[in-house]
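Encoded as structure tokens, the structure appears first; notes follow it.
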Amino acid sequence: AEKTLTIGVADALTGGAAVYGLPQANSVEMAADEINAAGGIAVGDDTYMLDVIVYDDKANPTEATNAVRKLIDRDGVRYILGFCCSGATGAVASFIEYEDAVMLVGNAAERSITTQGISNLVRTRPPADYTGAAAGAFVAKQGHKRIAVLGALETSFYASYVEAFEEEFKKSGGEVIAHEVFASKDRDMSPQLTKIREMQPDALLVVGYVEPAAFAYRQATELGMDVPRYGFTSGSEEQFLRVASSEQMEGVWDLRPTELTLQSTTDAGLAYHANYSERFGDAPSPSSPYAYDQAWALKHAIEAAGSVEDTEAVAAALRELEVFPEAVMQYLPVEGKMFDQNGQAYTANGAFQWQEGHWVFVEELPSDQEAYSRFLSTVN
Amino acid sequence: MQSDILEVVGLCKSFGGVQALRDLSFSIREGEVLGLIGPNGSGKSTTVNLLSGSLPPTGGQIRLGGHRVEALSQWDRVAMGLTRTYQTASVFPEFTVRQHVMLGCEAHRKVSPLAQAFRLKRDKSEEDRVQQKVAQALKLTGLEAEADTVVGVLSAAQQRFLMIATALASNPRVILLDEPAAGMISHERETLSGMIRRIRDTGISVLVIEHHMALIMEVCDRIVVLNFGASIAQGTPAQIRENPAVIDAYLGEAA
Amino acid sequence: MTEILQQIINGIAIGGVYVLIALGLTIVFGILGIAHFAHGSVSMFGGYLTFFLVAQQGYPLILAILVALVVGMVLGVLIELLAYRPVRNANHINAFIVALGLTMMVEGINLQFFGAEQVVIPTDAGRVFSIGGVTLPELRLYVILAAAALILAMTIFVEKTKTGQAIRAVAENRDAAILMGINVQMIPLIVFAISTALGVAAGVMVGSLFAIAPGVGEGLVVKGFAVLILGGLGSIPGAVVGGIVLGVTEALAAGFISSAYKDVIAFVVMIAVLLLRPQGLMGRA
Amino acid sequence: MLEIRGLRTGYGAIEVVHGIDLDVNEGECVALIGANGAGKSSTLKTICGLLPARDGQIRFDGHDITNRKGHAIVQAGITMCPEGRQVFPGMSVMQNLRLGAYARKGADIEEMLDMFPILRERAGQAAGTLSGGEQEMLAIARALMSRPRLCIFDEPSLGLAPKIVAEVAQTIARIKAMGMTILLVEQNSLMALRLADRAYLFEAGEIVLEGTGTELQTHPEVVKAYLGH
Amino acid sequence: MPRKQIFLLIALAAFIALPQLISVKYYLHLSILALIWVIMAQGQNLIQGYTGYVSIVQAGFMGIGAYSTALMGSHFGLPVTLTIILAPLVTAVFALATGYPSLRVKGHCFAIVTLAFNMVIFIVLLNFTALTNGEAGITGIPKPGYGRGAWIDFHDRQVYYYFVLIVAVAMTALAALIVRSRIGQILLAIRQNEDLVASVGVASWKYKLFAFVVSAMFAGLAGALYAHYQSFINPEIFSVAQSLDAILAVIIGGSGTLTGPVIGAFIVVFLPEYLRFADSFRLILYGLILVLATIFMPRGIVGLARDIASRLGAR
């Protein structure tokens, strides 16, 4: 018989983090419609059509707790998706273990979310230090010795990226000569850049959300700095071009997971981009597929578990899941599975460079997801 | 002859460039009413502000019962027996008259409010003393009938009497009245002058600032006249009335 | 030396924006005693609107700014009439709560109309001037000049025109102003129109120099209030001095002490000034 | 010229003026005397539109001006020199005077400076730093700047030194001599009654006596309560 | 005042019965948060409603209470019950240090200086990552008691509800004790006419500082209860926006009354939740409700209720 399965999304729809949260919420709704159009979720004799409830958590931990409590206690939802931001996610993660529910985390990259061994939680986005180590090795290979870091270092996943970066970078005799900070709402980085300019580094590494990072690149050129610029921002071309001209961006590197960019993606990615753009009248943010993939992963896991009620079985099935064809991100399986035993998925890391107005995929960054997964199990 | 309860020696005060008081000296004796008069802006209110501790002096000494007080805070001076009223009626409008006057007793309470709040200590004799003090202050100022009235609805004159009652509740030795009769009509002024004399009769020294000459001449034992922040004359009402410098600066020909 | 000079230049541009925000706040505060917390969000509305007209409707920048100014002024007038006027006689805390409510509403409206993505108003000022190692982007120069011109215009308006004098009179003594024959019902409307216009100008500057995004307005208004306190509540010269001091302090703090704690340092400077001069740098005792 | 009929006014829940009738004829000087809080200032404020009337009518030159906006009343030709002077403290003497002429075109500041020479000396000084007497002069001059047809004074002698009180009284006498219509409220009842052609006695929000200045000066009740001492 | 006492008893009975009446646990969760906010609001009311100083740093103090209880537990291994008691004391130390400079200014200046302090606290919590773990926050903060399955298990939300209820009632009683004492009279006097307070011989700064510190301790305690309830804290929770909520609770409920903050706290927690249906219009609607409520109920719900009661009584 045809039944309805209600799933919930808790994500930032308002406030500063809505840039990440809104596209994620949109992409879950889109995935749900696609799953329904493709015949829903088959469990035994029943097929379940998905129904999505979306609540705003403003990226605030209390709001997120309230939203998820409402989803679970009042709306009777068992599957909760979304989660773009670490603080709100951490708050929910701290109690989800004791609930009859499954939590799928998207863009929130704080490492500790998947180090606590929460069995009913999985995450599609890899932690930042997984990428940072690869980036450190890459920059060292370019021959730089003194590098200045400017970034959102109060945010721990950016800090952990830099930490892993620095560790790899030092291995080949390099040195990080400055750790300058900007806050997520800062748009004027010229004081920090002026200070860095005086130190005459070989290169600059900008680590942070796209919005401020784009300003860092632009203001660096305005201050007459012409050292190579590397970064970890995951911004789309549109996002950068809103802030800086293509000339100002020319030559900038982005060292990050191979998230959605038209050059790097698969057919599934191209289709996603087209469908999303058509439906919402706006290009999807590069990180939004983390949420899209959650919905499909959930579908496959429920079908594998053969139950919608038994959340433990579904959670277990998620950890047994292989990478499925609808996935937009390019996941690197661990022991053949999409999620490792911590519930963590990994994507490939890539080096992208801004060339004449576009992000160009230059090469894959050497990433060892199996080794990192083992390391992750030892944390905490 | 009585001794000086409050002595002012070489008091100076300047506001930025304005020299409001220059080298002012005078004293108040125990149990006397001293008038302080002078043209507008001559520094009378400033003197009261310095004496009461509302403003710090730029120089000079203030001695209360022989102790230097110019470095003390206003509340410490009140506790030592120096209290004041304001030129413009200034009250707590939401309290009842009784609550208002009772607040004046804070200055001489022994039980700390914290101890009282948490019922750590109770002193029946203090409670009685406070009640007595409040009753006495209300009686002196003729506000007994209004004890439970909300201050905000009192008439302007009654609010001025209330300021005096509250000051009296603090057990003062000297009380400074800044234009207490401003805006009063004659029978209210009569009430006031009677009040001032009765206060003096309880042994409290009074400093009165007024522009109403009849009142000043009637209640004061001595008068100090200020002009441009300095004393230009001191003496009995009769002496002041005839003083040509005072007539020229302040009283004018009409008076 | 170039470093210090560069930092000071960095600070002046942002300081200019602070000054404009603070001016808008200070005249409203001076006349109505309202801490107009929604000012930042209203400024951002103006910036968004300019962006929308330029980037999506193809208006030339100057025309777009003019339209945004007019719309902003109307919005300011409506805010005064519909939200602040009804609470004029209540406690000032109530006006503050109304301001908070308005902030939420305007932020919500901005989000509905203009989305969550950060927005940068496109300009073609891309040159960078460089003198002896100190660089000054063309756009920053324009912002500094425009801010200076607006400050001057505002000062002349208040000091020299009849309406300006009427505004001051209402600020100093409302009842006496009525007795002069000043229409005191009109003055708040004029004040809000001017305040919002200054705010919109600041919003356009932020939007072209930096970016407009959810939450930026609230951050700005807090800085604006800090400037007010630093310079002296209700004082126009105070807002100017305070704004520049705050901007330069932030730049120097970020450049020479700690970029993470630059706001903390700026606030500490503000509190220190307050301890030494409770009336602010330019305030009357 | 000014006719008040059955006027009631108050603050919040409290009514302080309970239906008064009062007339001021062209060229006349009328005084209101009475105790503190009797409602004199409230009456004046109501005439000037600072306080809404609850009942009754105020007519000026035959036109109903009850509850008109304050600025409209000024334009109609009524000015008040308020209790406590109320100068604009941060503005200069000149700026204060100019604001006096806000409601009309042009301004004859020179005339005023001739009339009050002390103000010429202080022209650039902030009004808040003037002495009390100087502030009173400024307030009077500022009120006259609007060329009113009816000029209202609320306790011009309040808080002033005796010498200055005499000066203020002379000034008002001068203005009266110029033919200005005057409504005067004074605690200094003797001064008021000497200046006034007619006077009203207020008690607790009601008019209890009415007569010429000289009549009231000798009225036993008035002498007892207001002229004693 | 027997009528008042009857009302109090009914209210208390309703609070005790509440968990039995709610079938959906989500409302129980919100009620716990609301009770924590009652403590916040009672503190805010002391400084804002009674003393007349609008403090915008209460959420910052809540954060200090929350972080201190969590960190004392994890760093020194102190038992939870002890750290909950110590948290307000730690907060008091910070309040003394910030209160001294802030209380030198009045009115709007005070509000903005305290707001700056809230931002300072926020920035430090965010950037002092070695101690606070920055934005990622502190997870796994333990509950009081003897762990899961013990005879009183604080993981059970009902148990935690009664725990918080007891504390909230006690703190409300404490607030009542203070405001009804001579201290309360002096605070009220400061609100009405601060300059005059010194001239009746009272050192007003001591009382202002007292009110400020006590209100901070209320906030610190609320923060500690919050931390152990949610098991997770990060700086976001203690930002200026939450301080503004505390002010709202007091104003909407009725400032300078003891019932007002209780009502206000429940409104501040429940209203945004009820507005979830409005989706992305939630912010606009919430703002609109605030504006309208302030315009039409300037003295809060308690003020409105009193007006209505006195009008009915007059008939």
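Order as written gives the chain letters A, B, C, D and E; numbering starts at 1 within each chain.
Quick note on the criterion: a contact is a pair of C-beta atoms (placed from the backbone, for glycine too) under 8 Å apart; a residue touches a chain by one contact, two chains touch by 3 or more.
Protein identities per chain, from UniProt: B, D = ABC transporter ATP-binding protein; C, E = Branched-chain amino acid ABC transporter permease.
Every value quoted in this text rests on a predicted model; they were computed, and no experiment measured them.
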Intersection of the contact lists for chain B and chain D: none
Between chain A and chain E, the fewest steps along chains that touch one another: 1
Farthest chain relative to chain E (centres taken as mean CA coordinates): D
C-D or A-C - the one linked by more C-beta pairs in contact: A-C
Chain separated most widely from chain C, comparing mean CA positions: B
For chain A paired with chain C, centre-to-centre distance based on mean C-alpha positions, whole Å: 36
Chain centre separation (chain B, chain E; CA means) in Å: 43
Distance between chain centroids, defined by C-alpha means - chain C, chain E (Å): 32
Multi-chain contact residues (two or more partners), chain A: 14, 154, 181, 183
Overlap residues in chain C, where contacts from two or more other chains coincide: 107-108, 111, 260, 263
Residue list for chain E, restricted to those that touch at least two other chains: 123, 127, 280, 282-283
Touch relationships between chains, expressed as pairs: A-C, A-E, B-D, B-E, C-D, C-E
Chain E to chain C touching residues, read off their complex: 48, 54, 101-102, 104-105, 107-109, 111-113, 115-117, 119-120, 123-124, 127, 240, 244, 247-248, 251-252, 255, 280-291, 294-295, 298
Sites on chain B touched by chain E in the complex: 52-54, 73-75, 78-79, 83-84, 86, 90-95, 99, 102-104, 106-109, 113-114, 116-118, 166-167, 170
Contact footprint of chain C on chain A as seen in their complex: 14-16, 18-19, 22, 153-154, 180-183, 185, 187-188, 190-192, 194-195, 198, 211, 215, 221-224, 239, 242-243, 245, 282
Parts of chain E lying in touch with chain A, wherever the complex brings them together: 24-27, 29-30, 33, 123, 126-127, 129, 133-137, 139-141, 155, 230-237, 272-273, 276, 279-280, 282-283
Of chain D, residues touching chain C in the complex: 48-50, 69-71, 74-75, 79-80, 82, 86-91, 95, 98-100, 102-104, 142-143, 146
